[in-house]
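Below, subunit A partners subunit B and then partners subunit C, in two separate complexes.
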Partner chain A sequence: MALIELKDVNKTYFGAQPLHVLKGINLNIEKGEFVSIMGASGSGKSTLLNILGILDSYDTGEYRIDGKLIKNLSEKTGADYRNRMIGFIFQSYNLIGFKTAVENVELPLFYQGIGRHKRRELAMEYLERMGLTDWASHFPNEMSGGQKQRVAIARALVTHPDIILADEPTGALDSRTSVEIMDLLGKLNREEKMTIIVVTHESGVANAADKIIHIKDGVIGSIEENSRHDASRFGDGSTIK
Partner chain B sequence: MFDTLSEIWATLSHNKLRTSLTGFAVSWGIFMLIALLGAGNGLLNAFMNNRFEVETNSMEIWPGRLSKPYKGMKEGTWISFDSKDVALLKSPEFSDVIDIVSPEISISSTIVLGAQHVSANVRGATAEFKDIEKIKLESGRFINSNDERDFAKVVVINSRLAKNLLDDKENYRRIMGSYVNINGLAFKVIGIIHTDEMSSSNYCYAPFEVVKMLRGGSDRVDGIVFTFHGLSSIKENEQFEARLKEAIARLHYASPDDTRVAYIWNRFTQDLQTNKAMNIINVALWILGIFTLVSGIVGVSNIMLISVKERTHEFGIRKAIGARPWSILKLILGESVTITAFFGYIGMLLGLIACQVMNATIASNPLDVGINEEGHMYLYIFKDPTVGLGVAAGATILIIAAGTLAGLIPAWKASRVKPIEALRDE
Partner chain C sequence: MSSKWLDIDYYRELLDTLTRNKSRTVLTGFGVFWGIFMLLALSGGSTGLKEILSRNFEGFATNAALFIPGQTSKPYAGFQKGRTWTMDTDDIEAIKTQVPGLASISPICLTWQTKVVRGDKSYSSASVKGLTYEYYQIETPKIKYGRGLNAFDEYNSSKVCVIGKRVYENLFPEGGDPCGQRIEVDGVSYLVIGMDINAGDMSIGASADQTVSIPLSLFRALYGRGKRVDLLGITAKKGVMVKDIQTKTRHVLARRHNIDPEDELGVMSVNTEAIFRMVDNLMRAVDILILLVGLGTILAGAIGVSNIMMVTVKERTTEIGIRRAIGATPRMILGQIIGESILLTTGAGLLGVVFSVLVLSGAELAATKDGVLTAHFQIGFWPAVAAVAGLAALGVLAGLAPALRAMKIRPVDAMRDE
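Our next item is the complex of A and B:
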């Protein structure tokens, strides 16, 4: 059984003009896969990510994580599922500015009700793995973009989630740091069998994944296996318009 | 619990400006409430202190002059009271209302003791006078009916006169039993009345008939003071005063509707009015104080609302990584309660300190209202400007409760923030 199962998922935004954003998404992602979802803006990839991350609801169909149906959850249950099953990595890092690096990493554990000392210990362990031990007591605005993103990755990993969801994780980084971050995600996937889903519009980023899912106009266009990660690195002409 | 507190502390201490601004609003509100109430109490206490300590259901009546010609009497003719007027008040005609009647006469004189002499106002008093005027004796006794009957040359002086006569502030009570000279006659001091250190009063009391004799034996009285019962409303009092004036007018062959034949000072109605005025001041102070308090509470609510709006993104992040709505609600409520409790407490302390400062400065310095022939006259404008600890604690608890309420709307708004907000760029 696949870790993530999407069956005919539909989502419509009801506004002045109803917008059918996801038109029957069917998708399975196995445990330990490194997948990228690619699409132009307006293709529905952000909506799909929101649904995958239990940040948004969908209208019809079924979405299961590890067999659990994720539908019509209460805010409380949604929060608990996000906390335990999903680790987020955002384009703009989304660290809390008035908390230090280690406090940011601790925060998901705080919401799990884990004690102070245990929290600090675990957070320091993950910061160390990211090579940020010396930066633990620094505030986000004292760090470079790459360091901030690594803090965010530590925060995503610290709860041992089932899935890492990365939304344009390199969008705010220079190309050299982008390579570092993608290598880090690849390493996590290879060495710890972490399931990673990266949403991006950059082919260079998508190329780091083993499987690239193309989404267009609310439907999945093609799924391509990608074994040659160096096929197209960051550079000219690598952006799908 | 501890975690929630440290989380609250972290947020508050990293947003110092916001925290201190909110806190200032709260502290200011509670400080103003306590300082205002303290000042108000100081004023009211001083007012109470300066009031004459007399039987409140008593009246004093003095003769006036005719305001219109009547039966051959010219307009403006002075009338005077004598024993007939006293008898009228004691007569069955007024016994339904009037209890004790005491005529008033006095003579300005000089009291001499050895080489010392002081000017004094010697009042004639009957034994009943003590009950009407609520006279407080420090030592000895007041004039009694035996003194009246025997024309005893005895005098009850006040402590201030005693101190001046002996030129001794400490052991002035040894004047008891001494003989002082008034108008060439020797009077035995039989009692000392307590008088305020600040007051300028220089009166003393001798038996009524004796003072009458000092005045040359005239039957005239300066005024009549009496106690009464059964008049509870202002209207009843006014009706009685009119009835009394009419009887006086009849006695002095003046027009029965001439209201200027006598002046009445009704301590009871004056008291009612004073109490009313004091209640109004009190209520006004509370209203002012509560408005200041409310402005503090509105300040908290306002700043919390703005801060929630500012922190929408932060709450989005928190929710995305697993914060339940309740924990966000708890965080915001906790913040507002912590701010109001802490700064409310500081405001309360400062308010109480302000009351103490007022007590040490204004309250300890009575106002010198000028010099009369006896010396300086002092008046307290401020006395014991304090607020009960109960009121202070109550106000602080109130603002904490209000702080919770003030935080409730912002907290609820914060808990409704959608986690999707986290994905939006700031």
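Our next item is the complex of A and C:
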């Protein structure tokens, strides 16, 4: 059984003009896969990411994580699932500005009700793995973009989630740092069998994944196996417009 | 949920959020701080002022009326207006028989700006008052040394005197018991038998601290007043309104001296009961005013907290969205915002309490004379506790609207807002 199962998922935004964003998405992602979802803006990839991250609801169809149906969850259960099953990495890092690096990493554990000492210990352990031990007591505005994103990755990992969801993780980084971050994610996938889903519009980023899912106008266009990660790295002409 | 209130981490999280956003916290808390400071400082100040004011009436009977012969302002019984007249001892007898409900009646004679001498020391703005011991029912002396005048002094026309505080300070700068010493007034030597430290500003004729009291019979003999009486004081029996005996006495005096009974300038009189009631009402009005101003200020402060937190929640959309995305339930967010609000109002309120206590202590220090506290400005312990408890409740209310808004923030908002 696949870790993530999407069956005919539909989503419509009801505004002045109803907008059918996802038109029957069928997708299975196995445990330990490194997948990227690619699409232009307006293709529905952000909506799909929100649904995958239990940040948004869908209208019809079924979405299961590890067999559990994710539908019409209460806010409380939703928060609990997000906390335990999903680790988020955002384009704008989304660290809390008035908290230090280690406190930011601790925060998901705080909401799990884990004690202060245990929290600090785990957070330090993950910061160390990101090579940020010396930066633990620094505030986000004292760090570079790459460091901030690594803090965010530590925060995503600290709860041992089933899935890492990364939304344009390199969108705010220069190309050299982008490579570092993508290599880091790749290493996590290879060495710890972490399931990683990266949403991007940059083909260079998508190329780091083993599987590239192209989404267009609310439907999955093609799924391409990608074993040659160095086929196209960051550079000119690598962006799908 | 219940365990959350015991979790030290919960409070640490609140404290962190407040202390790391200092300017926001200070701005938000200032309204409440100022409100509680105003309320406590004002109420403490009014208590002290009340005490100072009531000290003016210290030792003065609340059931007395005074009569002073004035200049008639109405023509009556063939006399033109503008006539002056004097009271005499016969009036006293007439009043005693014709006014029921009278408790005491005491005539007073006095001089102004009289020089008092003791050796090489002198005091020139004293007032010599001739009075009987009955007068003590109207104005009770606070005898520090010796005794007051009594019936023997009056009967014997003894050359004795009781001196007021200011007179004592000028003639006896070395301090100590003045009794047994002699002072000289208008060429007559008196034995000091007592000293009155009453400093009340309300008194008949000159202020009590500038007075040299001597027996009335002696005064009459020395100053050649004959039957004449300068002032007349009466007190009412228990259960009798001063206003009633005041009117009756006025009528008796008016009839005897051919004055219009309604001529209030012809027979001038003061009713202490009315003055006391007026002052009482004034105090009550001041209390109510202070309560309104103070509560209004606190309320304004709380609304300010609510308002700023409302703006803050909007500003913190990303932060709250992140918290929600990584696992905070809406209830946790609610708990956090309300908790911050309570902590902020209570903390700022406590600071206000401390500050007002300090200021009131300063006021008490300023009001301390010769090591004796003349007025108590300090607020009580329990009113302060009640104020802080009230603030905590206010904190919940102030935090409610912003917290409900914060609850509605969805995690998606964190990513939208960049």
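The criterion applied here is as follows: the second predicted complex is superposed on the first by the 241 of 241 C-alpha atoms of A that agree within 3 Å, B and C clash if a C-alpha of one lies under 4 Å from a C-alpha of the other, contacts with A are read in each partner's own complex, and residues count from 1 in each chain.
To be clear about the criterion, a contact is a pair of C-beta atoms (placed from the backbone, for glycine too) under 8 Å apart; a residue touches a chain by one contact, two chains touch by 3 or more.
What you are looking at is a predicted structure, and each value in this text was computed from that prediction instead of being measured.
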Fit or clash - subunit C, subunit B, common subunit A: clash
Touching partner for A:82 - first (subunit B), second (subunit C), both, neither: both
Subunit B versus subunit C as contact partner of A:13, first or second or both or neither: neither
First, second, both or neither for A:110, with subunit B first and subunit C second: both
Touching partner for A:55 - first (subunit B), second (subunit C), both, neither: both
Subunit B versus subunit C as contact partner of A:96, first or second or both or neither: both
Which of subunit B and subunit C A:167 touches, first, second, both or neither: both
Footprint overlap on subunit A, where subunit B in one structure and subunit C in the other make contact: 50, 53, 55-56, 75-76, 79-80, 82-84, 88, 90-92, 94-99, 103, 107-108, 110-112, 116, 155, 159, 167
Partner subunit C, residues of subunit A touching it in the complex: 50, 53, 55-56, 75-76, 79-80, 82-84, 88, 90-92, 94-99, 103, 107-108, 110-113, 115-116, 155, 159, 167
Of all residues in subunit C, those that touch subunit A in their complex: 7-9, 12-13, 16-17, 20-21, 318-319, 321-332, 410-412, 414-415, 418
Complex interface listing, subunit A residues touching subunit B: 46, 50, 53, 55-56, 75-76, 78-80, 82-84, 88, 90-92, 94-99, 103, 107-108, 110-112, 116, 155, 159, 167
Touch list for subunit B against partner subunit A, complex: 2-3, 6-7, 10-11, 14-15, 313-314, 317-327, 418-420, 422-423, 425-426
